[in-house]
Each structure stands twice: as C-alpha cells, then as structure tokens.
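Encoded as structure tokens, here's the structure I'll be asking about.
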Amino acid sequence: MRHLLKLVIVVVLLAWVSSPAQTDPPAEVDSVEVAEVTPPGPVTSLSVTDKDNDHGHATVLSWEASVDDSTGLANVISYEIFRWVPFAMDHVDSLRGQLSGLRAEIAAAEDVTDEMETRLDLLEAAFDAAIDNLPQAHGQYPQNGEWRSVGVVASGVTAYGNTGTKEPTSADYIPDYADLYYRVDAVTADPVVRTASEVYGPVQCYGQWFNTDRSPVLVAVLAFGFFTLLFVTLAKKGTDLYVRPLAGIEAVDDAIGRATEMGRPILYVLGLGSAADVATIASFTILGRVAKRVAEYQTALIVPTYEPIVMTVAQEVVKSSYLDAGRPDDFKEDTVFFVTQSQFAYVAAVNGIMLRELPATCIYMGKFFAESLILAETGALAGSIQIAGTDEIAQIPFFIVACDYTLIGEELYAASAYLGREPILLGSLKAQDYAKALVVAFSVIGLIFANLEWTWFVDLFHVAN
Amino acid sequence: MKRQFPLFLVFIFGLFMVFQYFVPHETSEWVYEFLLDWILVIGIFALALGIWSLYKVSVDKIKTRKANWGYSYVTLFGLFVMILFGFTSQNGDSWGWYFIFVATVMLTIGMVIQAMVSSGQKGLSLILAGVFLVASVLIGMFDNAWSFHFYTAEGLQNSMFRAFFDHILIPILSTMFSLLAFFIASAAYRAFRARNLLASLLLLAALIVMLRFNPYLSPIFGDYMAKTSNWLMNVPNMAAQRAIVIGIGLGIVATALKVILGIERGYMGKG
Amino acid sequence: MSRTAVIVFAIVVVLFAVSWVAKAVVLSDTSDSGTLDAFLVTVAAFLTLAIYSFLYKDNPYYKFAEHLFVGVSAAFWMCQGFWTTIVGNLLPRLSEGMANWFMQPYQPGGYDLGFLNLSYTVLYWIPVILGLLLLMRLSPKGGWLSRWPLALIIGTTAGLNFVRYLRSDFIVQVSSTFVPLLGQEPHQWQGIGAFFSNFSLDASGQFVALLANWVIFIGVFCGLVYFFFSKEHTGLFGRASRVGIWVLMITFGASFGYTVMGRISLLVGRLTFLFEDWLGLIT
Amino acid sequence: MNNIGIIISLVLIFGGLLWLLIRSIGGHEVDRRVIFLFIFLSVAAPVIFRITFQEKATPVVEALFDRIENLPPGSNVLLSFDFDPAMAPEVQPMANAISRHCLNNGYNVVFMSLWATGQSLMTTTLSRVILPEFPELVDGVDYINIGYKAGNEGVLNVIVSDFRKMFPTDVNSVPLDSTEIFKDIKSCADLDLIIALGGGRPGPKEWVLFVGDPADVPVGVGVAAVVAPQLYPYYPQQIVGILGGVKGAAEYEQELTSHHERFADMDTPGIDMMGPQTLAHVVIMAFIVIGNIVYFRSRGKGGKS
C-alpha cells in the first residue's frame, strides 16, 4: 500500500509538471483523498500523426490503453485529450470576435462612416498578422501557452481524430505547419483523479497532394481512359466495329418520314436536365440528327425548352444542322424557345402545344421526372408516334407503357454513337462495353472470393471517402 | 478559335475536376469550391436570358397574330405583375393606392407592347404609355402605404407575392401533378394488354404489386400476395435497378470522358 | 366566339361569383379579410377546375390557366434567384460597398497560392463577366462568346461526373454484388419450415435470402448482357439477354404498379382542397 | 348520411364497372373520359365519406423507425425538406411524423431545404403543426431551421465540408456560430443521421451521393412512391431505411402511435389517405381486366376476318 501511494504521488507530480496551467491541477488533491480513488495507470505509447489524405488542419492520435482500463483497477472511465495551445490563439479568438461584431455593425448601419472602415481595415490586418504568427507562437512551447482539452472519448477507445477547420475565421481553426503537442489523460469517475500521459510532440499537420484512399478510383479512371483511347484509335484505323441495332433509334428516321407525309410537325422535348447533364448532352446530338433530317424533308420542328442554357445550346445545334443540310435560310429562330423553369408550367405549355399543333411525332430524350407520363399520355391523345429515352430510372416504366419506342437508360447515350455512325463515337461505345464486361468479370470473381471469405479482393473495391 | 477555344476550356476544366478528386490539398479544394460557386452565379444570368426569351416569344406571338396570340397577354401580365410584387411591399396595414399603381404600371407595359407589335399608329399607344407612366411615377412618389424594395428581400414576403404563390402557382402546379392519377389509369388500360410475353410480364408484375397495396384484398390472398410483391420490389427490382445503374453509370462516365476529350461535341452545334 | 361558348362563359362567371359571395359570407364570421380570402380560394378553385377541364378537351379556360401559370412561375423563379443567389451569395463577396447597400454581411476572404495572393472580390467578378458573356447570345454577332461560360459549366460538370459516377454507380455497385451465395454466415439454412413461414428478405438467415442473392446476381448479369451493344443477341448470349429484358420488364411493371398509389394521393390532395377548403363539404 | 353516401357511390362505381365489363365482352373499347370519371368517383367518394384501416410496417420502414428510435439522446439529426406542394400530400405526412419522432426523443434537429418551395412548407409545418406540440423545446438549442439556399447539389457539395459557408445564419438571421446546437456541428460529418424527404432532384439520391457517401453519415429517406424502387439498390448499405409514398407514411404513423403513447391521438393523414387508395386501385385493376377482355375479343374477331 505504501508502495502504491508513492507511485501515485510520483505520477501526480509528473502530471503537474507536464501540465503547468491545467485548471484543476491534481497536485492540489490531498494524498489521503486520493487513496479513495486510486489514480489509474497512464496511457502509454501515445503517438500523434498528421491525418492522412486530407487538406491538413487535422491530426490523428493513437495510444495504448491504460493498464487500468477494464483490467487491473478497471477504474478508467474516459480519456481526455489535451493539446498545448499558445496564448496567441486567444488573441486570434478575440480579434475574430471583434471582426465579426464590426462586420455585423457595418451591415446593419444606415450609412457606413470612414471611421468604421478604417477600424475594419486595421482589424483585418491585425487578424491576418495574428494568424501568420501562430506557427511561431506554437514554436515557443512550453512558454506562453497552456494545455487545453480538445475532446473526450470513452474508455476502451484508443484513438482520436483532432479535426479542425481550414478557415481562420472559424473557432475550430488548427494551423498547418505549426508544432503541436498532445497529451492524453486517463480519467476516473472522480474527474479530479486522473493520470496524464507523456507529452507527444512536436507534430505538424499539413495537406496531402494525393488521396491514397481513392486509388481504386484512379485505377478505374486510367483503365477506362485507356480503353476509350484504344478503341478510338482502332476505330480510326478502320477496324470494323459491330453494334447491334436499337429499335428506338431506327424508328426515328421513319417517324420523321411519317411527319413529312402527314404534313404535321415534330415535337422534340429535351427534358428537364441542365445543359451539363449527360442525358441532355446525348439528347443534343440526337436533336442535331433529327434537325438535319427535318431540314432535308422540310418538315416543321418544335423544340420547347425548360432551361435557358439548354435553349441556347439547342438553338445552336438546330441552326448548324440546317446549315449542314444546306438550308440555312429555312431555320427560324422561334423553332427553339424557352418556356419556363418550372416543371409543371413547362408541362402545361407542352401539353397545350401537343393538342393544338397535333405533332405527327413526339420525341422525348433527356432527363424526365414526374411529367413523363403526362407528356406521353397527352401525346397519345394527340395521336402522335412517340419515341422516348431517359436515364431517370423511375420514369422508364411510364415511357415503356405509354410510348411506342423507348431507349432504356444507357441506350440513350449509345444513341448518339448510332446516329452519327462516326468511328470515334462507336469506338468509345466499344470501350464502354468492355468496361461492362470487366464489371461482370469482377462481379463473378468477387462473388467467388466473397464466398470463400477472401476479403482482400473485396477490399480492393473499398473507397473510404 | 470560335469552336476550338471552348473545347479547350472544357478539356482544362474537366481535367482539373478529375484531378482535384484525388488531391485533398487545400489549394485544390479551394479552387474546386470556387468553380462550383461560379457555376451558380452563371446560372443566374442564364435565368435573365430565359426571361428575355419568354418575353420575346410572347410578344412575337402577338405581333404575328399566331393562333391563340391573345393568351400571350395573360403570360406577360402574370410575368410582370409577379416581378412587381417581388420588389414591393406594404408598409403598414393599408394598401393605399397600391393596386391602382399596379394597374397603371401594367397599362404602361401593355401600351409599350402594343406600340411594339402594331405596324401603324404607334403614336397613340406611346402617348398613352407615357400618360400611364407619369401616373404610376406620381403614385409611387406620393403614396406612402407601400414602397419599393430593391435591396432587401421584403418583396418575397409581400402578401400579394405570397397570395399569387399560394393561390395561383400552387393550385395549378398541384393540379397538373394530380393529372397523373387519371393518366396512370388510362395508360394502364391502354397498354397493359397481354399481347406477348414481355407485355404479359409487365402486366402481371404491375397487377401483383397493385394488389399488395390493397389491405382489403389481402384476406383473400393471404399474406403471400403482399410478400410476393415485396419480394418483387426487393429482389428482381434490385437486380434490374443495379444493372441499369451500372450501365448508366458507365454511360455517364464514358460520355463525360468523351466530352472532356472533345470527342462528343454535339452540344457545340456540330453533331 | 360561338354562342355556346358565350353561354358557358356566362354560367362559369355566375357560378364563381356566387361561390365568392357565399364563401365571403361564411368566412366573414372568422376573418377580417373574409372577402379577399374568399376571392383567393375561389380563384384557386377556378384554376384547379380549369386544369381538370383539359381532361375533357382543350379549351379556353385551360389555355388561360396555362398561360398565367407560365408567366407567374417564370417571375417567381426570377425573384427567388435574384434574392437568394445574387443578393444573398454573390453581391456580399463582390464588393464591400455593395454588401452594405444590400444590408448583407460582407464576406471577404482570399487565398495565398504562394506566388499569388488572390482575393474573393477579384475572383467573383469572373463569373459575372462569364454570365454577361452568356447574355451575348442575344446579339447576332457575339453569340459565339456565349460558348465560353457554357464550356466552363459543361467541362466542370463532366469532370465531376466522371469520377463521381465511376465511384458511386460503378465501384460501389460492383462491390454490392459481392454477396454470399453459398450460405455462409449470417445466412444459415434453417429448414424448409422456416423458409415458408418467413418468406421475406429481412429473415434472419434463410434460404430465401440466398435465393434472393442468386436472383439478384443472375438478374444483374443478364441485365448487363442485355445492355451489351457490341455482340449480336444470338445463342447463349441471346438467351441471357432475353432473361435480362424479362427481369427489366418485371421491374418496370412492378414500379408502375407501385407508383399508382402516389399518384392517387396527389388527386386526394386536390379533391380535399375542392371539397374542404372551397365547398366546405367535409371538415 | 355517411352510410347512404357510401352505398350510393359504391353502387355507382361497381355497377358502372360491371356494365363496362359486359360491354367489353362485345369488344367495345372504353373512352378515356369514362376512365377519368371512374377515377374521380373512386377517389372523391372516400374523401367525402372517410374510410380508414390498420397498417403493418414493412422491414424497410421498420428499419428507419428503429434507427431513429434507438439513437442516443442528444444525437444530431438533419431533416431536409426537399419537396414542393405538389409532392406534399405524399411526403408531408412522413415529414410530420418523423419531425415529431425526433423532437420527442430529444435529438438536436436541424431543419433545412434544398428546394425554394420546401422552405415555406417547412416553416409552416414547424410553426403551425409541430412546435406547438413541443412547447418545452428551445429554438437554437433543441432544433434549428436553417432554411433554403439556391444551388441544388452545389449546396450539398459545400455543406459536406462546412455548413457555415453556405448557411451563415439560420432562417431568422441568427448566426449559426451563436447557436447552441451548432456548437458541435461543423459539417455534415458531425451529424448522426440525415433524413432526406423528397422525391425530385436534388433529393434523396443526391444526399446519398454527395453527403452520405463522402461524409460517411447514415441517410434515411422519405420519398414519393415513384422514386422508392429506385433507391432500393442503396439499401441497406447507403440508405438505412425507406418510406415510400403514403403507404410508407401510414406504416410509420402506425409504428409511432403504437410505440409512443404521447402520439396515440395525433393526426394520421397517411392512414386516412389509404381509403381512396384502395378504391382507386380496384378501379384501375378492373380497367386492366376490361382492357384485356376487349383485346382478346377484338383479336379473336380480327383473326377470323
């Protein structure tokens, strides 16, 4: 017992030395009282590293549990993590508070005085200087600073991530390239009774230039890029590339012919996607093809659009198709027009167009949402032949049910390659197919391995974040 | 230059976005966040373009006396009145001359449009527009019951703005959406016919799932109907969804790559 | 206008006028602005019925509602976009003066690239300029300039999509197909009785879960075969692709059936409005 | 009175269907307007004469309910109202039930919206329906409404690393930094559960792709029935539970009312709405049958001629 008491005193003293400014130094505790709750053994082998694969401003701590964590005295209930923070940080905090207060004041003020602006400029400069000074202030360890708690974890846990923000304007800012020092206390039910670990430091956090967690994605990117370039090169060399026919695509030409015979217009709906959506990009290519045919047959084309940018692009596409067909003069600006960027207002307008213009053919290609069925049923009411294509899975069933031909999912993207019959586009379609074959192959291999419980293969496909 | 430079931009920005995904460093993050913000800002300018196009289409329709041209006045009225509401708001409880003001502004715009579309006699319309304009300016200057708000979003709280939203936009919008209840029935009637194997599968699956949503019918079929349809939604559905998702995912990846490399350039106006 | 149209119009006007008056009388007990509220409810009911009239056939009332809807919604989005994005997010970063004028907190900031210190103010002018270039679309000569901002948007999004979908829809989905097929933990065979009594996926084990995994695997496999473009669908390959399209069709049918309920709810919502808020038939 | 109404409307509907069935044997197609009329009747009658019944929770619903039920008190939960009034009949009941559930269990609840139209719905829901039931809760401490920001997925891209960059203040212009609830929340990674309510875009799928996956936060979803099957591939790895359409809402309401006595008498719009569902489903199925009879009759005739 006397031996233990001695040990306790030593440990407590040690803790006191290593934490000169802790708010409730355990050293003040009477050693008689300590005997009631014996301080636990300290955390050992504390190590702190910069957090990997991030933008910096974060560290990761790991340690070995105290001997009294669920074993021995079993009195550790939590670990408290401390970081040594220079007083310069308080200065930063105070400046930050003043700055946001002043900004709020200026924003609320009826008119801003020169005095306010001068104050703001000064304050901003002081704040920047204080931030720049932080690494140097950290270098002064252990002078001009104190230990501050950054977090608590339950007993049994032996790791902690001290993640700060990168914005100096945030209170959680942790500077990069500054010497950080850490310590972990093993805490008992009586928070006063605790044992500090040895101090670990200095350690600096910084941002990485490559996220190794994402390596599987990089491999996939490279493989995909390689396949695409390979097949495009092959296609350019004139290798014959077979692609199976798609009913929906072949129907497009017939439908244009039908419209010409009936002397009724063709309605082309680009959907609700933005110009950057892949479905819309594919749809532009199909629109180009349709517009060219329309120009050749001199049929009318109506393209109501939902998005202003889509309208801009569609105008360009249709215009150059007319140019290609050698009939630039037949192009009318109002072929492509903007309706409104509100889903159902757009639908209401397109419905109206269908029932008034009675198009011979309606083509819906792009992104569609709930309106798909409203459009397709109204089109059926107007007696049109309807061809649809979308990558919105939820809407495919409605198009399948209500339209004459439907391009399912990626068939829409493939359509642009079909229509153009350009070797380059066909080549990339091949690449896509081979990637799919790879998926199947990986699935089969992965399945077998998963069932044999060889997890390493499955782990290859694990992308942490 | 006109076509090559944009393609070059696409390449550069596309490549950057691919690279930044692998670079956690602050600098890359920072540029990334900026680019996303930029896209938002550019999108707002596009909206202005859209409003202009809507205005132009409507006015052209009136001008060329296309079928149903009269309704374009309704569109223009809705457009301008709602914008006006969005930038004004009541100061107290009383509306004062507000509605007269709105009417004079609308008449001003109407007269200007009239002058634009008519081939002869522009003079009278312009004079009237001037008169209404003066009237509305005078009301605006001397009526204190309401005011313009160009720099705080009070217009959005304007009770007329809200009223138009709640009693015009919302009812029409929800009603349009609810048309689907009727159309889903007519589509089911028209298309769910056992013409061939595929159509029969479609029909059968739909029937089973619909039965599952009928608690009154489950006593007849027992629990199995519900469980079968649940299984349909969870298992074959899962498989098909996954096949489509993988396909679409690859398609998007391939198309994105083609766009970055400048292989797919249909969107630039050359199919 | 034909004679019938005039008569119908007159009836519609009278009916809704009566509705307004009746509603105003009812509402005047509870509200100060009963007349206005009654008017608004009546307008909403009129517009609702105008849209439904489209189910019978196209008519002037539908056309009216449609055109009004287009105008009002466009303006609504414009106002929202103006206040939230331009005033809320852009202007406070463009310049301090503008931020103060619009009574928004100024959001300065910048980044030191090492060789170049950039501030927000400069950087946010770039999208403004690009946005203005987009408007060049309106000029017959400068239209080509509008491709620049477009290129930025499309390039950025393409790059984002490229890696994002490769990860989420490809790698993650592939690894999701790695499921136990042979009955290792936690799916243990618990006898034929348990199989029939617990015919669902959440069963704590069971043959069913395994069967489900097999069906999913075969379904995904055949589905992918169906989407394979470079090979003719003949022979074994053709058979797999046929199974693929069956699975797809079953799924589409099921999804369709599943959706009916949501669509009916929407109608319930509208009818509730008509019967409750307008006609007062139910409470 | 109610009973008479029910009898009359049922006779009308089923009598009419029978008549159409008999006609269909003669090979007569049904005009689409007749179908529309039947749908109208089958929905209007139960709406006027109120019919309800019991629901039983399916595993996907139960999974979400249990996940919410078993969170430790003080967990940070985010509810995103990404829907518009058109979708509200389906999604609003779930939004109400889940909001009640989270607030009742003492979680820190953050409300936000990616849809402009969602914000007003959310604010109305909170101030008129939910909060009056919980007078003990304090704004900024137990819950906070940070409102809507334009930018769709862009917003998600930002808040996944920092809330304050996109939402400097809450909906009442109170800076987030000064609120109790946001003391521990920097980014989406600090949330214990995200519940995305919606069905369009941006919506649940975007929450999973842009936030749930990268920040590794569990996401639960409440969606319009049409979107639900599309989300199944993400369950249970990327989504913890799915409420699909009114059926899902009704099941959740049933769970909530049976687990928490406090809610025994709450409004159950989801359960109420199942009445019209039943009739409408029967009518649609009847029409599918009629359609097939017509088809086979006319094919039979066509084959002979």
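Some notes on this structure:
By letter and in written order, the chains are A, B, C and D; residue numbering begins at 1 in each of them.
One rule holds in what follows: a contact is a pair of C-beta atoms (placed from the backbone, for glycine too) under 8 Å apart; a residue touches a chain by one contact, two chains touch by 3 or more.
Owing to the predicted nature of the structure, the values given are computational and were not obtained by experimental measurement.
Every chain gets a centre from its CA atoms, and the centre nearest the mean of all protein CA atoms is that of C. Highest inter-chain contact count (C-beta pairs) belongs to B-C.
In terms of their C-alpha centroids, the spacing between chain A and chain C amounts to 20 Å. For the pair chain C and chain D, the distance between mean C-alpha positions equals 14 Å. Between the Cα centres of chain B and chain C there is a gap of 10 Å.
Between chain B and chain D, the centres computed from C-alpha atoms are 22 Å apart. Residues of chain B found to touch two or more other chains are 18, 21, 27, 29, 36-37, 39-40, 43, 46-50, 54, 68, 165, 169-170, 172-174, 176-182, 184, 186, 188, 190, 192, 202-203, 206-207, 210, 213, 230, 233-234, 237-238, 241-242, 244-248, 250, 252-253, 255-257, 259, 267-268. Residue positions of chain C touching 2 or more other chains, listed in rising order: 51, 54-55, 63, 65-66, 69-71, 73-74, 76-77, 80-81, 84-85, 88-89, 103, 105, 134, 137, 147, 150, 153-154, 156-158, 161-164, 166-168, 170, 172-174, 176-177, 200-201, 217, 220, 224, 227, 248-249, 251-256, 258-261, 263-264, 266-267, 269. Of all residues in chain D, those that touch two or more other chains are 32, 36, 39-40, 43, 86, 88-89, 150-151, 165, 213, 224, 226, 229-230, 233, 247, 277, 280-281, 284.
Per the touch definition, chain B reaches chain D in the complex via residues 29, 33, 36-37, 39-40, 165, 170, 173-174, 176-178, 181-182, 184-186, 188-190, 192-195, 203, 206-207, 210-211, 213-217, 230, 233-234, 237-238, 241-242, 245.
Touching chain B in their complex are the following residues of chain A: 53-56, 166, 176, 207-211, 214, 217-218, 221, 224-225, 228, 232, 275, 278, 281-282, 284-285, 288-289, 292, 307-309, 311-313, 316-317, 319-321, 324, 334, 337-345, 347-348, 356, 370, 373-374, 376-377, 380, 391, 393, 396, 398, 400-402, 408-410, 412-414, 416, 419-420, 424-425, 428-429, 431-432, 435-436, 439. Residue ranges of chain D in contact with chain C, taken from their complex: 33, 36, 39-40, 43-44, 47-48, 50, 59, 86, 88-90, 116, 148-151, 168, 209, 213, 224-226, 228-229, 233, 237-238, 244-247, 273, 276-277, 280-281, 284. Interface residues of chain C, counted against chain A in their complex, comprise 51, 54, 57-58, 62-63, 65-66, 69-71, 73-74, 76-77, 99-100, 103-106, 108-109, 134, 137, 143, 146-147, 150, 153-154, 156-158, 161-163, 166-167, 170-172, 174-175, 177-182, 184, 217, 220-221, 224-225, 227-233, 248-249, 251-253, 255-256, 259. Taken together, the chain C residues at the contact with chain B in this complex read 40-41, 43-45, 47-48, 51-52, 54-55, 63-90, 101-103, 111, 113, 123-124, 126-128, 130-132, 134-135, 137-138, 144, 147-166, 168-170, 173-174, 176-177, 199-201, 212, 215-220, 222-224, 226-227, 244-261, 263-264, 266-267, 269-270, 273.
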